[in-house]
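After this come two complexes, each holding subunit A, first together with subunit B and then together with subunit C.
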Partner chain A sequence: MSVLRPLDQLPSLNTAAVLLVGAEDALLQQLAESMIKEDCPSELKVHLANSLPLPSSGNRPRIDLIVFVINLHSKYSLQNVEKSLHHVDATFFLGKVVFLTTGAGREHHCSVHLSTVERLARTYRSPLLFCDLEKEAFRAAMVQRLVRLLLVCAGHVPGVSALNLLSLLCSSDSPTPEDL
Partner chain B sequence: MDSYDTSASTPGQSTSLKLKYYTATATPLQKQLESARKHTLPVLTPHRRKIPQENIDPEEAAFLLHKQWTLYSVTPLYKFSYTNLKEYSRLLSAFIAAEKQKGLAVEVGEDFNFKVIFSTLLGIKGTQRDPVAFLVQILSKSQLPSENRDDKVLWTGWFCCVFGDSLLESVSEDFTCLPLFLANGAESNTAIIGTWFQKTFDCSFSPLAISAFNLSWMAAMWTACKMDHYVASVEFLWSVPCSPQSLDISYAIHPEDAKALWDSVHKTPGEVTQEEVDLFMDCLYSHFHRHFKIHLSATRLIRVSTSVASAHTDGKVKILCHKYLIGVLTYLTELAIFQIE
Partner chain C sequence: METQSEELAAAEAAPADSGEEAGSRPEDCVGLLLRLMSQTKQQLLEYKSMVDANEDKTLEPEEIMQEKQIEAKIEGLENEIEEVKIDFEMKKLALDRMQLSTAFKNYLEKTDIKTSILVGNMKQILKLNKLIMKFQQESWDLEEKLLEVKKKRLELKQASETKFSEIQTEKNKKKNDLDRMEESDTIKTIQQNLQVEIQITTVIQHVFQNLILGSKVNWAENSSLKETVLQLEKNFTMN
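The block that comes next holds the complex of A and B.
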């Protein structure tokens, strides 16, 4: 199973699964722990991966949302995400992929320019979130948001689907990828 | 998704701030509109740069080279006049004396055991529109009244603006734009002199750190420079983010090898592009990975040194080659302007 597809498995009852992909082990671990602690009506499953493709093992739940974590302080983390993106099926980009960027606060540590990440997110037509994951308070707020997104993507919020999330991307004064 | 909203609203906010500022300083309406329009575009750093090369008087440049300068960005100076440099010398020396005596009254014009000299650096500019750079020096007066006494330089600092067009356009006439300030000497002196400038010309100093992203630009641009003879190898220093002790990796390359590598990735003559910089660094990374199985791209670049100049992420630079002095200053001016905007 080299390419990850969103709907190739049946959903488990009342379960929402998120896949966090990033080269920063420690940050991913912390994020996952806070997500599991988050109070939520559905059962949450958090999977971590350094990169894609995932090893082909049978007992994995259906992935409802993929979060790519990019650390601006490390070019490797960006390149790693860029490579992993090749192993994601196009239908995932209909609202089930989020880019999460950390480290923008300490600008003089940055190896990756902000515009590079913005362009990446725009190319894949997916939302780009910013959060300094090293700060407890910021992380907590981000976790609430991710869990909410996950519930929408898993279909646990009546009346809203993952596709609706994409409509938040549209804005009149943002340049289209063709302009860049 | 919400972050998308904020990124879209930020340029709008800065426009309203700028507009307010322009109305306060009452520049012509046309200019206001122009600058407002200019600032509505999202601020992105340019993805291609030229390396200007100008021959300035080697003697004038000589004492600016081979010294370690600490970088600061400075907002435009209000009512600064090049005709008052003598007066400024007197006022600043009185201020320094007063600061050193911690509050004891000092008469302006009194004789101190040091003197302050303001002088202009005529050659340090990119275009005719750039304001003239100027130098501030503190010299200690030797007590011996001998004939060939030498005044010892205690502290040196200079303000300059090289190809600072983007800033010059948006500032009114009462201001002198010299966004880049370089200091060499005791930090306590820099602090005192900074305070005096802030009080006298209503400006603000802030240390100019250089990000790893900008350091890789410097590495590429300085490797690209043609040199008659190389005085130093191309050297990089990476810091590995690990606790409790930090680990540094140093990587030195023969300058001609580095130049050969650059020539192989470089396509557009006279220009350096973002893609070329990325490719150049990626080549170095993959070479290192092949030998040592370490991903340098996961570490942070903290220092670059070449035959042209060297720079540290803390905002310390040393310029070695007078031929490319203007080129180095152009990029540093750009970074300083980016910081104050």
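The block that comes next holds the complex of A and C.
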């Protein structure tokens, strides 16, 4: 299958699967390990990929949340993510996609402008999260957020749906100077 | 595409011990089952809504919409979502309030009204509310008075401004009239006549002077003659 669709399989009981897509393996690995260590009543499955489309090896559970990891220090990671976005079905963007940006702290090393990423997130109507994934404390906090997001997207939280959460997360959009 | 390394880090962080001790702790088991039930309910809801959404999709033929239109449509839909959420929250609030009020009513019926602290609090609240309303009314009245004074002041200022402008116009008119009058012909003729009269009078003066001097009369002794001579010295000029 070349396009990822949400809800294309039946969910496995008490399980939630997240797909981390990013160009840099080390970051993904760290993030994955922190997520697994997180204490959570449901089972977590973390899949890592450098880019989409995923090879059509079967036996993958349904993906509940896709996290695109963009490193502001490298343009390649942005291009990678942009290319991978084509292989995601439109219905995924109803709250099951999150853009995670790292490296915003060190201005000198940033080769990707912040507004580019912001525009990307706004075009795809998905929340944009910032985190310095190298620091342990920030990573732990971000992982907690991601796990909570994952539980909501997988339907494990009664009364809150992914779309509901999306409108909460993205509601603080202010119009850019370009739009004005 | 090219070599993608999909690492299936399928790490199953099993929930703490609920797997092993499920048999020994029935409460945990029940808890797990309840959680699973709510999960499946929520997931079923999601699938149902997806199915409904796909059924409603009738705009396939108009796929080529402008990007702006799509964006506008998306924003409209997002606003709809917000409105539905707000609606839901309001209804929940209303329901909660109704429940609270019935519970409160039941409580009041059961307890003794005189000694209940809750009722005492309510009375205090009522008293404070009355005070608040009274003070608000007072401050409102004072503000009204202030507003009226300000209005009056403004009116006075405007009246004074109009009066001042009227004075200015009158002054200007007068000055214009004066300037105009100086140029008019009547003034000129009057001035000419005046000149002529002055010349005549001067001539007459000189004639009388010469008459009296020529007659070699001692005019200094006669007081009336002295007055006349001195008067003749007055020169008339154009003012």
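The working rule: the second predicted complex is superposed on the first by the 171 of 180 C-alpha atoms of A that agree within 3 Å, B and C clash if a C-alpha of one lies under 4 Å from a C-alpha of the other, contacts with A are read in each partner's own complex, and residues count from 1 in each chain.
The rule is short, and it goes like this: a residue touches a chain if its C-beta (ideal position, glycine included) is under 8 Å from a C-beta of that chain, and two chains touch if they have at least 3 such contacts.
Bear in mind that the values here come from a model prediction, so they are computed numbers and not experimental data.
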Touched partner set for A:110, first subunit B, second subunit C, both or neither: first
Comparing the two partners subunit B and subunit C, which touches a greater set of residues in subunit A: C
First (subunit B), second (subunit C), both or neither touched by A:128: first
Touching partner for A:32 - first (subunit B), second (subunit C), both, neither: second
Footprint overlap on subunit A, comparing subunit B with subunit C: 171
Parts of subunit B lying in touch with subunit A, wherever the complex brings them together: 1-5, 7-8, 42, 44-45, 209-213, 216, 241, 281, 285, 295, 297-301, 313
Contact set on subunit A toward subunit C in their complex: 7, 11, 13-15, 25, 29, 32, 36-51, 53-55, 57, 60, 91, 125, 154-159, 161-164, 167, 171
Subunit C residues touching subunit A - in the complex, by the definition given at the top: 1, 4-16, 18, 32, 35-36, 38-43, 45-47, 49-50, 74, 78, 81-82, 85
Complex contacts: residues of subunit A adjacent to subunit B: 23, 73-77, 79, 107-113, 115, 118, 127-130, 145, 165, 168-169, 171, 173-175
